[in-house]
Each structure stands twice: as structure tokens, then as C-alpha cells.
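Worksheet: one structure, shown below.
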Amino acid sequence: MISPIHILTIGLGGAFALGFVPKKAKDVAAIIMLFAIAFMGAISGSWLLSLINGGSAEQIFTAGFRPPYSINLLMGLNEAFLSTAINVIGLLGGIYLYKSLKSAGNHAIMVFLIFIMGLNIIVMTRDIFNLFVFMEIVSIATAGLVILTETGKSIQAGFKYMMATGIIAGIFLLGIIFAYYYSGTLNIDGLTSANIGLAKGGSVALFLILVSIILELKSFPANGWGLDVYEAANPGIGAMLSSATATAMYFVMYKILEMAGPQWNYYISLVGVVSFVGSNLVALKQKNSQRMLGYSSIGQVGLLMIILGFKDILGDNTSYIAFGILISHYFAKAGLFWLAGIVKQKGIKEWAVIRKKPLFLFLMGTFIFALIGFPPFPSFFAKWTLVMDLINTGNLPWVVAILFGSMMEAVYLFRWFGYAIKGENENIEDFKIELHKIIPVGIVVVSLYVVGYFTAQHTEVGAAINWIPLLFVAAIFVLDFLPVFVKNTIAIIGMALYFYNIYPDLDNLRLIFEAIFLVGGILTLIAGYAYKGKRTGFYPVALLMYAGLTAIIEAQTTLQFFFGWELMTAGSYFLIIRGKRSMPHGLSYMLFSIGGAYALLTALGMAYAGQGTFSMDIINGITYLPYWAYGLLIVGFLTKTAALGLHIWLPGAHGEAESDVSPMVSAILLKAGVFGVVLTLIGMGGPNNEYTWLPYALGWLGAITALSGNLMAVFQEDAKRLLAYSSIGQLGYIVLGLAMMSHLGWLGGFSYVINHFLYKAVLFLTIGAVVLRVGTHNMYEMGGLIKRMPLAFLAVMIGIIALSGVPPLSGFAGKWLFYNAILEKGWYFQGAIMFFSGGIAFLYLWRLIHTVFLGQLKDNHRNVKEISIWFLIPIYTLITGIMVYSFKPQWVLQPLGDMIAQYFPDGQLSWVGDTAISKYGHWAGTWVAVTVIGAFLIVLALLMLSTRKAHKLKQFDITYSGERPERPETTHVAYNVFEGLYKAMWPATIPLVEAWWNRVTDFLHDTADIARRIYSGNGQIYIVHIVLFIIVTYFVIIGG
Amino acid sequence: MTVYVKFGYTLLGLLIVLNWGFLMGATFRKIGARVAGRYGIPFYQPWLNLLKNISTRTTITHGVMYYIGPVFRLTGGVGLFLFMPMVFTGDPAGLWTNYSFEGDLILILYFQVFGMLGMALGAGQGGHPYSAMGIARGLAQHAAVELPLTLAFLSIAIQYDTFSVYKIVEAQQGGMMNWVLFTNPFAAVTIILAMLGAMGHSPFNLVKAPNEILIGPATEFEGTYLGFMQSAGSILHVMEAVLFMNLVFGGATSWIELIVKTFLIYFWSVFVGMVFPRFKIEQSVTWFFKVPLLLGFLAIIIYSF
Amino acid sequence: MEYITLITGFLIILAGLWAIMTRKNIIRIIIGFVIFDTGLHIVMVSIAYVRGGTAPILDGSVSIADAAQKIVDPVPQALVLTAIVIGLGVTALMLAYAMKLHQEKKSLNIESFKDLKW
Amino acid sequence: MNKLFILIIIVALGSMLYPLVSSFDGNSELSSLAQFYAQPDNISKVNSPNLVTAIVVTYRGLDTMGEVTILFLTAAIIAFFLKKGGTTRTLRLNSEIFKTSAKLLVPIIVMLGVYIFINGHLSPGGGFQGGAVIASAVILMLLASPNTKLKHNFFEALESTSGLVFVGLAALGALLGLGYLDNAILPLGEFGKLFSAGAIPVIYSFVGLKVGAELSNILNKFQSVQSDK
Amino acid sequence: MSFLIITVLLGAVMLAMAFIAIYHKKLIVAVIATGALGLFASILYLLLAAPDVAMTEAAIGSGLTTIIFFYVLNRIRTDAKEEENEA
């Protein structure tokens, strides 16, 4: 094997040899450079392989003397990994920059080669002054590379960079020389054992060394110079700085911290957290994509610093966590910078142009999800482990800070992604794809997935993840060029087979939800046959959501659960954002989901604390801050069920989604949150739990959610939004039922779960299909459609009767159970609110069916056809379900009762034949249905007997007060039809919650805007920042 | 007792209720006219109306829903009757308890909407804007009325620890002082007030305004439809009164008692209607959210501690 | 003696920083960096000094045997050598930048180069 | 930014650095590292009378390599940064006397530079100083006849060659199994003589050549963008 | 003792040079003062028994650096002149 020192030989020799290459032969020079980097990579890679396979680390001595007398280098596992990574990214970056480097000439090529070489040595060296020299090499090379593509801005940025690094290098040198003075050595290992921190001056020297490395890492807020470089430099260089340099400097920090001793760890974490939260916060206002990426890079480095500071606490997991975060950041940030170079757009809004080439959306999406820490990327597993370990060791506040920062990062990254996916792109010039630029991007994308898989395999819990659904998603993704019909069939067959395989392994509770997810999924997918063409991207994301849902059900460990949860979030986000105007709603959905997911993550961490296992059982009986843990779990799950306060994403997201997506995300997806709440409540100990106020508060929340959801639905003019608000209300019932923590309450809740799935799927599918036909969501632009689409009308009528709870259809079961439960529990007011919400529900349901199907047929709808058969099939299948449930409620309720009795044995219903008997009353579902239908038929027969010949009237046979089709909302009777009620109840409809969230975001954005004013653009001010940073940290750490 | 006997008694009960509804309706029209200084209709006018309506030879339809609307309406009325115990005889499966063993108070509460819903849909298909307006107002007011009413019902259910109407009636036997009116006055007063809205007389009859003006469901539906709706209306009026009687006024142990009590209950709402002018819909909603709602809360509060 | 040189070095460092942070002319700022570097070098050499020591060159005056007792510390001196050359590189590059900046805006005032901010 | 504020910052920085001064009490003896270098055994292992040179070239040879690289980098960056933008140079001509004396002086100065780095292991000075002296000769040349086109390629070739030799010698040590940058790849010779100390004079000479070439390149670049009007 | 006085004097002179470099109106003078600072520093290095450093500082720190400064100043001056001529 070749000695690692020859990385230096190759790098320098190559650079010097380039001087012989004639000026014109730029290709030769560039190829020599690439070969040199590849060769360096081969050396480090071969060491990496040998060290992974148990080889021993290599010490390189120079000058024939042992350290500390001469400079030595070390090639251990860390070094081998990092230098391999640097060389790989260097090679890819070299390929990416091929043309830019060539046009800048041979000198630039030399500089690039030396830059990569210098990073290698920085990683390997064990001598502190040598480190200084090579850091100088790297920063001078950076100063040169910044002006690779020379613009006024890049020159300014380069100069500021030089000023800053000049000061930092001086501080570093001062620290080194005094460290030498106190220890008599320059060797890092020697300094470690010398323990110079004990002397007063020695600790100052150590501080100077540390702070200069911190500053080199561009810690917030003394980092204006670094940001300018990210913004102004060629994106290819930005990629190098963000991934390669930051990685190398991070490792330097690791070495130095090792040297300085554990008493500094805490402060490093402190600086890290300030940097992480601060730069992510400030990035909120950023409109320039490259500068935003710069902020994000700094944030990520801050996170890595936190991890480093906790290395003694995290123990063996430190390197795993750091690896996961680092490698995700490494590839993703490089990829994003490269994309920025390909897209050639600075403003984040202009990134909409990327949509012109859908593959690029996939690339960008991958990078952003990897940065935020979604599965299956390494950062997901790393963040998981980090949070678990931090909470387990009692560092909850740190977790909160970290998650807050991550949240901010998600905000701006997803906003950016939203612009890319949905923004206006007509007037933006399309970008060219150059092969040499896209190859590196492609390689890092693939690497992210591969590394993610292996990261998961590395841990025991991660290895247990079921990858089959994901493989299926990947397969569908590959097959995306096929027409809808084929993909739909594959998807349906796949899901059916999967369900067939999985269902024997599930207990009853999980079976219910799995059936809703998968059977419901199949039914809604059938509607997909109505679409023509390819429907690019639909199937992978839909299946991703289902993969996540099924992973939640199957989860044996909390990690698997969270894994599934995040997959489901990602998939549903993409599904929702496919709608035409769904971008802002997609964003708020994502942010609430991430916020909820972080609440879950924290809570799962608290559950893990002190348990030492990730089995799902740990949420039963949490011991560490149980009130908070259960509260957070519930909040996390409630973001998905859109409880009041966390609901503002739902109406838009569901309302603007595609016709067959709305039922998926409404009827099916919301149940994932319910499942979570169910698990939590079981975990709290079921009937005998000691958390009195938590279920109580939850109950009130459910009741108020039910009321306000329904009330908001009443005042909607948009049919799908109406249904969306209705979902909020219905989920409120479910939450209330579950919160009662009694057998009847749960039975009511579960009967709602099933019922809501059935009728909401029917309603959304039907209305969605109608919308597809008539081309508008606005109800006042519809009317009289019963004549054109009677089957759709019938479906909606059955749906709304079932929803409203009017006997004899299935909705009444839930109501009846609820009132019994309420009486038993004594939650009379909640019950009254619920009843009132039910009354409100009639209003919007009538409005829905009346405005869409009854009244006058609109002129432009005279020729619309009945909704597509592909929608009717699932709709009527579901209606069959409703009918069965209505006529034989005991078929559903008895097994449900048995299932719930496992958790709530007391207060069960007793069944006498068809009659359910509770403590308070009785209800014979079948007989009620038969009686009502019987009476109905008799009356109908009487009517038919007495009206033998009814004269069929045409539309205009009645007195007709005109409607104006051109401005239908002004004269349409159903427009603002509940004005009277509104006048009476308007205070209840003030969107307080939305206003509150708006205020929160405004506050954050304003803070960000004020905070970022410190980056005045004046290089001198940045120097002042640096010096101030040094002084402040000094007085914080040393204490004056 | 066989199923057929039960069915026969139920049918008989329905006929009594229907005729009593007609008679009561005519009586109050008469009283109203006299108060206003007019002569008024003869007491048999409703029967004449029914006959005349059913025997019209031509009839129109706007579509299936239009046709089925009155069926819903009448089924709603009949259903309510079927699920309501009428005369208390001490035997839960007694002759005049109808099919109340198939469900309890909650069923009745929700079933009230059945007729309203069908009516709304049927009128809706007529395509006339006024019917939509009337229904919208009706639903809004209904929602507002139901809130205090539900609180009162819940209070009674808590009081007797049951949702079974039969048991509630049973518990009130043995003297006037056992009536909910005296044992649970808050609930009773709430019901007495909210009842005004449920009965739909002035001042809470804006719902009917559109058809008063020019046209609306009652004009739109003619002939047999109107006949059905008038029958349904009579049945519903009586059944509402029976519901309140059962819940608040101790039920009835005989048909006579039932007739007297329902007459008085009905009289109360007509009496108020004659005194007060009509409310706008926002006025009536806010009215129900004031005193009745407050009383309803009180009715619950006294039982929730 | 070395105290005085050390203190001088520190004062020069601070003087350099003062120039960097207060002067608006870019050339003047670069001069500040040179001063800063010079101060650093003085500090480093001061630390190398051993009381009464001679230069670490073993010519006639110092023999191999008593070298360890007589010479001053050669290590920081070697470091200073390196540092001086690095300083030259940095200064030259900064001056090249200054030239370019002047070409761009015909101004040497640091405050006129604020195109990148926030 | 307010000057008073800066003053406060400077004072704060000074007070922060004060412990370094206050805890400094000079050296009465060498540090352990320097003592090792000054031990007779070790001196004879390197065999260079100038200990600073011994450290710079051997013990800390890697630093020197980096240092040379930095100059190289700077030269390269300045080269592509200050690319001539087409305008022809019209520089004022100097007097004949100056030109003639410069022609006379340049070789002497170059000789002096060479002397300094060849004797780097014996006397003060070495590659860097020698290189700087050579560069000053180049300056003289440039000043004397500003319009002469310096043979740029020559300096670049010189720079590259000496760089490659340096790296090659360093790597040779590793390949011979002695250690990277070990000066013992050549015979150590007799202490205090010109041809002694193994590879040190050779390396230092090439360092000198390289530094000279690099500095000349840098200066030439700056010269090339001058113009007198 | 005499060394001490010389050192103090040198230090004072160097600080004065630094002051001139920072505050003298003419950039040329400032640059020269910077070079002088380097020269005085190299004397200090000689006193501190560091002849190698002294040589380097004299040749590179004060010599070459100053020359580069001059080149740049000259260039900037001519640029400024061009500016005036054009204006």
C-alpha cells in the first residue's frame, strides 16, 4: 500500500508539474489535475478499506525522527474516511468545474489541486504549526478560487475573506506560540499530555487556538465574510467550501478539542448552538439561494459542533451521529451548490425554472430532504440517535434548541423548494445542462441513498427496518415513464399483495388502521384510472406515503415508527403539492408536520430515557417527565389530525389537492394521527391513567375543534375546502371520543374513525370527480348537477346522511355511543358542544349537496357527463361499506368492542340480538333501519299511488328569479347563504389561530431581518465582529 | 302479544295523532283569527284540505328528489311517532309505547332532522331560490335552538341517569311534584323557551317567510305533495309536543291526558307567537344564545358537581 | 529584555488591529495587516529568547557540546521564518485584490464595497 | 463604527491578552524540544551547524514545503488574477547609466543570493533570504529597463523544476525507507563544511531557486500591470 | 543594561513608525514607515539572537513587501490620473 504521505507528493508534484504544461494545453492540465486528485483519492480510499477491515492506523514520520521532534501525520480511520471524502468531492468538484477551471487557465488548475491537497494534510497532520501552515495554504487557495469566475462581487468577497482569515490566522499563531511556550512542544499529542490549560496563560493560549478554529468554521455571528464568499463565489467553489473545507476544519476542531481537554466541550456546544439557531433564523429572510445555502452550511456546522461538544456524553455514538449529519450535509450541500451553478439563478423564486426539467426537481428534493433529516438519509438516523442520547442523558434543553434550529432550516429550505416546485416560471430563461456538471450531482444523489441505507444497517434498530415498501417505491419511480394505467395496476396489485401478506401478523387495533390505509389506498387508487397520460411523479410519492403509513403500523421500535412517520410526511407533502394552487398550503403542511415530528421525536426520546431499548413498549409508562412526554406525543400526533391550533394547513392542503389525492390525505392520512393518539393514550395507561388533566384538555380541544371546524365549513364557498374543514371537525369528534378514556368513548371514537374514512372518502371522491368534470371548486358556480350526474348525487346524499348522523345510516352509531359515553364520563358541556357542532354540520352538508346538485343547472354545465366510472367504482364500494355498517352495526361494533375491551374492560355494551344496551339506553340499529326504511317505503307507495302521472317539468317552468352566470356569486342564492348565522356567530369565526401563527412567523421573520442587519457588507465591520466574538467568548468562557 | 296486534295499535295511535294534529291546527287557526277579529276557518278545514290535495288529478315533478322530498318529510314525522312512547301504562312493552324500544332519546333527537333533510333536498330540486333561502334559515335557526334544548335534555338524562324516554316518563309518575318541571326547573324552563323555536311559530317563523311572500315549498309542492306535507306537519307538531310532555310534564297515562297536555303545550307557543313579532334570523340565533343557553348551562351545572 | 520586546510586540499587534478596524483606506488596512504580522513575529522571537543565549548557529563561538546551554531556542525562529514568508504571500495577494477593487470602483474606501450583505 | 467603541474593543482585547504577558517570565533554559535539537547526538545526525536551518529543512521540512507552496499559490493566483487586459505598456525609459550599472549589478546580486542559500546550513540565511535577494536582482532589472519582457516561461520552468526536485527529494527519503524529508539520503559529510548536512544544502538551494523564481514571478506580474502616462 | 535601553528605544521608535504608517496623510510615507518598522524589527531580532529571522525580515518583510506596495500605489495613482484625464 502506498504511504499516505504521497498524497502530498502527488498533490504538490502534480501542481509543480503543471508549470511545464504549455499554456494552451488546458485540457491536458485539467486532466492531469483530475488524475492527481483521483490518485490521491485512491491512496486514501485504499487506506480506508484496509482500516475498515481491521487494519491498523498508519503513523507517518518525517525527517527520520520520531514525534514530537519532527512533524508526523496520522492515517487512522477518521482520517482515512475524511480524506477519502475530501478527495471524492474534490474529484467530483473538479469535474464539475472543468470548464471554469480551464477558462481560468493552468494557474487556477494548480490552485485547485493544491487546495484539495492542503485539505488532506489538514486532516492528517498531528503538528499544530504544520496545521497552521496548511490552513493558510487552504485559505489562500480559497481566496484564489473565489475569483475563479471573476465578478465585482467575488472580488469583494475574496478581499473580505482574506481580511478575516488574516486576523484569524494571526490569533491562531499567537495561540500556537504561547502553547509552545508553556508546553515546549508543537505536537498535538504532546500538547494533549502537557495539559497547559492549567496555567492561566496556558488557558488563554488554548482559548486563542480554539477560538480561531471556531472562527474558521464561520460561526455565527462573526461570519459575514464567509457568507459573502458563499454568495459570490462560483457555486462549484461554494460546494467545495461548504463540504470539503468545512469537513476538514471540523476535524481540526475535533483534534484541537481533544488536545484542549474536556473542560472546553460545553463551550463548543454553546457556540455551536448559537451558530445553528442563529444562522438558521437569519436565513429566514434570505432571498438569494447561494447565500441561503451558506447560512444553512454554517448552521449545519454549528450542529456538528454541538455534537462534538457532547462527545463525552454521547460516547461511542458520537462518530455515528457526526458521520450521519456530516455526510448528509456533505453530499447534499455540494449537490445543491452544484445545482445552483447549473440553474444559474440567484433568487429563490427564479428557481421555478427547475421545474422545466422534472429530474432536477427530484435531485433538489433529495438534497433538501437529506438536509432536513428525512429518512432514508443518514441525517435522519443521526438526528434520531442524537436526540435519543441527549435526552437520555438529561440534556433536554439542547434538544429543544437543536430542533428549533432545524425547524427554521426546514422553513426556508422548503419555501425554496416550494418556489421551485410551484413558482411562476414562464418568463425565466431555461437552463442548459452540461454533462460534466450533471455527473457529479448524479453521483452524490445516488451516494446519499446508498449511504443512507448503510447508515441504517449500522444500528440494530435501523437494520430491522422493512425496506420492501421502499424498494417498491423505488421500482415505481424507475418505471415512471409508463402510462398511468400500467402504473396504477402495479401499484394496486403491490398494495393488495402487501396487505395480504401483512394482515395475519397484526393485532386487531393495527388491523383496523392497516385496512383503512391499504384497502382505502387501493380504493382511492382505482380512481386514478380516470387520469390519462403519465402523471409523472404521482405514483412514487403516493406509494411513499402508503409505505410510510404501513411502516407506522408495523413498527416494532420507536425508530421504525418515526421512520414511517417521516416517510409518510414526505410522501403526503409531495402528493398535496401536486395541486394547482397548493404551494403555500404544502409549505404550511410541511412545517406543521415537521414541527409535529420534532415534538414526537422529543417525546420518543423522553420515552427512551432510562429504558435502554427502542421497543414500541417504551411509550407505555414513560418515566422521564411523563406529563411533558405524553403531551408532546399528543401534540405531535394532533398536527396530523389538525386539531384546533394546529389545523391551519389542512383546509388549503386538502382543498387544493388533486381530486383523488384529497380523499387519500383526508380519509386515510388523517387516521395516522389518530393511530398515534390511540397509541399514546394506551401508553398512558388506559382507564386507570394518572394524567388527569391531559385527557381532559384533549377532550376540550377535541370538542372545540369539532365546533370550529364545522363552523368554518359552513362559511366556505369552495366545495373541497368545505369538506376539508369538515374533516377538522370530524377529527375533533374522534379526539374527544378517545380522550374520554372509557370503553364507550373509544368505541364512539373508533366508530367515527371507520365512518369518517368511509363517508369522507365517498364525499371527497365524488366532489373531486365533479370538480374534474365542471372545472371549478366554487359551489356558486355549480348547481342542478343532479340531472347530469345522478349517481354522484346519490353518493353525496348517502355520504352526508352518514356524516350528519341522522338515523338510520351509520353516522348515528357514533353519535349514540358518544352521548352514552359523555353521560358516563360526565363531560356534559363537551357533549353539548358536540351536539351543537352536529347541528352546524347539517348546515354545511345541506349547502354542499344543495348548491352543487340541486337548484338551477348552469348553462355551461348542460353537457357535462356523469362522473368517471373509475371514480364511481370506489365510491360505490365504499357506499356498500356504509350500508353494511348501517344495517348491521353490530358486525362492526361488536368486534370493535372486543378489541377495545383489551384496553378498557369496563363499561362495555351488552348486545341482545341486534340491540345494543348501555347503562343509559338502548339502540337496535338494524331494527331502526328496517323501521325507517319500511315507513319510508309505505309512504312512498302511498305517494306513488296518489300521483299516478307526474308531469315532468323543465327547468324554466317555475317562476324564476334570475341568476347572473357571469358573476354568479352576486346573485346565486347559495352564495353567503348563511349570512344570518354569520351575523350572529361571527366572533367564533375570527381566524384567531391563523392570526396567531401569522404573528409567530412575522415575529421570527422580523427578528431574522433585524439580526441579519449585522452583516452590513463592510469588511471592516466583519473584522470588528471577529474581534468582538473573541472577546465575548473569552469573557464567557474564562469569566474575565 | 303478537307483532300484528302491536302494529295495529301503532297504526291506530298514528291515526289519533294525525287527526288530533289536524284538529289542533284548525283550532288554533280559529283562535288566531278571532283574536285578530276575523271569522277564521271551520274546524274541519284541514281534512278538507287533505282530501282536496290528494284528489287533484294533475301533478308536476322537478325530478326524483323533488318527488321524494315529501316522502322524507312524512317518514320523518311517522318515524318520530314510531320511536316515541305515547301513553304510559306501566308496561315498557305496552300497547302505546310504539317501537320506542328500538331507540332512545338520542335517536329521537337525531331523527327529527330526517324529515327536515328530505324536505330541504326536495325543495332544493325545485330550483327556486326562495326555497333554498328558507331552508338555510331553517337550518341555522334549528342549530341555534338545538343547543339549549340539548343541554336541557342532557340535564334530564343526567337527572334520571337514562336516555330512555320511557324510563324518564316512568320516573315522573306519582304526582305533579315528580315532574321535571318541578324537580329540574332549569331544564324545564330551558325547554319551555327553546320549544318556541322548535315549534316554529312567530317570532321564530322567518323560515316560512319566503312562502308567505310569493312562493316557496308550500306553494311549489302542490296536490298530493302538499297533502303529505300537511299531514307530516300535523304529526310533527303533535310529536314535538308529546316529546316535551314526556320529558318535562310527566308524560301521559291516558290519551285524554295526552290531548290536554299537548294542547296546552301547543297553546303556549301559539300564544307567544301572537304576542311577539317575527325575528330576523340573526336575532333569533342570538336570542337562543342568551337566556335559554344560560339556563341550559345552569341545568347542566347543577348536575355536574 | 524579552519582556520589553514582548510588550512591544503586543502593542504593535494592537496597533495593527486598530489600523485594520478604523482606517477606511484599503491600502491602509493592508498596512495594518503588515503591522499586525510584524507584531506577531516580534512576540514569537521574544518567546524564543533565552537569557544570555547566543544565536543557534554552531560556528566558532559555540561548540556542539555546550550548545544546549548557550543558544536561544531555534524552534520559534524557524516558525517565524515560515510566518514571514506566509505573510508576504498574503500581503501580495491582498494588494493584488486592492488593485482589482480599485479598478472596479475607482475607490479605495472599504465602505464602498458593500454589494454583498445580509 | 464609532472609534471609541473600537478603542474599547482594543482595550478589552489587550486585557484579554494580558495574562499571556503577566504569566510570561522569560526562558532561563531551552524548551525540551529545543534541547533535543541541541543535543550533540542529534546535531550530528543532521550535521548542520545552523540549527534554524536544520529545523526549517529537516525537522520541520513539511512546514517549509507548505511555505514554498504558499508562495507558489500566491504567484499562481496573482498570475491568473492580474491577467493583462490587452493594453500595451508604455513605461518611461531610464537613463543609460542606470541601465548599464544595473546590468553590471544584477549578476553580482544573483551570485550573492546563491551564496546565501548554498551556505544556508552554515551561516545565517538560507533559501528564503537567498531567494529574496535573487528577486531583488530581478527588480533591479525590471526597474532599469521596464519594457523588457521578462522570460516568464523561464521563471515558471525554474519554479516548477525546483519544486519538483524538492518534492522528489522529500519523497525519495520515504521511498528509501528513511523517512519523508530525511536529509540523510545524501552523505552527511563533515560538520561545518559546505558539502555536508546531507541533503540540506541541496534542498535549501532548490528552495532558494524556487522562492526566487516565485517572488520574481509575483513582482513581474505587478510590473506587467503598470503603466506610466 | 545598555541592551535594555536600546530595546526600549527601539520599541518606542517602532511604535512611532507604526503610528506614522497608520496616520500619515501620504500613503507613500506610510508605506515607507511600514518598511522602516520591518527594518527596526530586524534589528530587534538581531538583539534577540535571531540572525536568520533578521535577514528574512529585512529582505522579505521590509524589502519585497514595500516594493510590492509601491507597485500597487503606482498603479492606483495612474488609474486615478486616467480617471481625471477622462473626466
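Chains here go by letter, A, B, C, D and E, matching the order in which they are written, and residues are numbered from 1 within each.
The definition used in the following text is that contacts are C-beta pairs under 8 Å (C-beta built on N, C-alpha and C of every residue); 3 or more make two chains touch, one makes a residue touch a chain.
The structure displayed is predicted, hence computed values, not measured ones.
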(message) Hopping along touching chains only, can you work out the least number of steps from chain B to chain D?
(response) 2
(request) Could you tell me the least number of steps, going only between chains that touch, from chain C to chain E? (result) 1
(request) Kindly list the shared contact partners of chain A and chain B, in label order. (result) none
(message) Just to be sure I understand: the centre of a chain is the mean of its C-alpha atoms, right? Then which chain's centre is nearest the mean of all of them?
(response) A
(message) Taking each chain's centre as the mean of its CA atoms, which one is most distant from chain A?
(response) E
(request) Please work out which of A-D and D-E is bridged by more C-beta pairs in contact, and write that pair. (result) A-D
(request) Would you kindly tell me how far, in whole Å, the mean C-alpha position of chain E lies from that of chain D? (result) 19
(request) Just give me the whole-number Å value for how far the CA centre of chain B lies from that of chain E. (result) 105
(message) Using mean CA coordinates as chain centres, what's the gap between chain C and chain D in Å?
(response) 16
(message) Taking the mean of the C-alpha atoms as each chain's centre, how many Å separate chain A from chain C?
(response) 50
(request) Identify all positions of chain A at which a residue touches two or more other chains, and write them in rising order. (result) 129, 133, 136, 140, 143-144, 147, 174, 178, 180-181, 186, 1020, 1024, 1027
(request) Any chance you could list the residues of chain C touching two or more other chains? (result) 2, 7, 17-18, 21, 37, 47-49, 55-57, 71-72, 75, 77, 79, 81-82, 84-86, 88-90, 92-93, 95-100
(request) Mind pulling the residue numbers of chain B that touch at least two other chains? (result) none
(request) Sort out which chains touch which and give me every pair. (result) A-B, A-C, A-D, C-D, C-E, D-E
(message) For the complex, give me every residue of chain B touching chain A.
(response) 54, 58-65, 67-68, 70-72, 74-75, 78-79, 82-83, 99, 101-107, 109-111, 113-114, 116-117, 120-121, 124-129, 132-133, 135-137, 139-140, 142-144, 146-147, 150-151, 154-155, 157-158, 161-164, 214-215, 220, 223-225, 227-228, 280-283, 285-286, 289, 296-297, 300, 303-304
(message) Applying the document's contact rule, which stretches of chain D touch chain C when the two form their complex?
(response) 1, 3, 6-7, 9-10, 13-14, 17, 20-21, 24, 26-31, 33-35, 37-40, 43-44, 49-52, 54-56, 59-60, 63-64, 66-67, 70-71, 73-74, 77-78, 81-82, 122-124, 128, 191-192, 211, 218, 221-222, 225
(message) Please output the residues of chain A touching chain B within their complex, sorted ascending.
(response) 784, 786-787, 790, 793, 797, 801, 804-807, 812, 815-816, 819-820, 822-823, 826, 828-829, 831-832, 835-836, 838-840, 842-843, 846-847, 849-850, 854-856, 915, 919-924, 927-928, 931-932, 935-936, 939-940, 942-943, 946-947, 949-953, 955, 957-961, 963, 973-974, 977-978, 980-981, 983-985
(request) Show which residues of chain A lie in contact with chain C when the two form their complex. (result) 129, 133, 136, 140, 143-144, 147, 152-153, 155-160, 162-163, 166-167, 169-170, 173-174, 176-178, 180-181, 186, 224, 227-228, 231-232, 285-286, 291, 1012-1013, 1015-1020, 1023-1024, 1027
(request) Spell out the residues on chain D that touch chain E in their complex, using ranges where they run on. (result) 50, 52-53, 116, 124-126, 128-129, 132-133, 135-136, 139, 215, 218-219, 222-223, 225-229
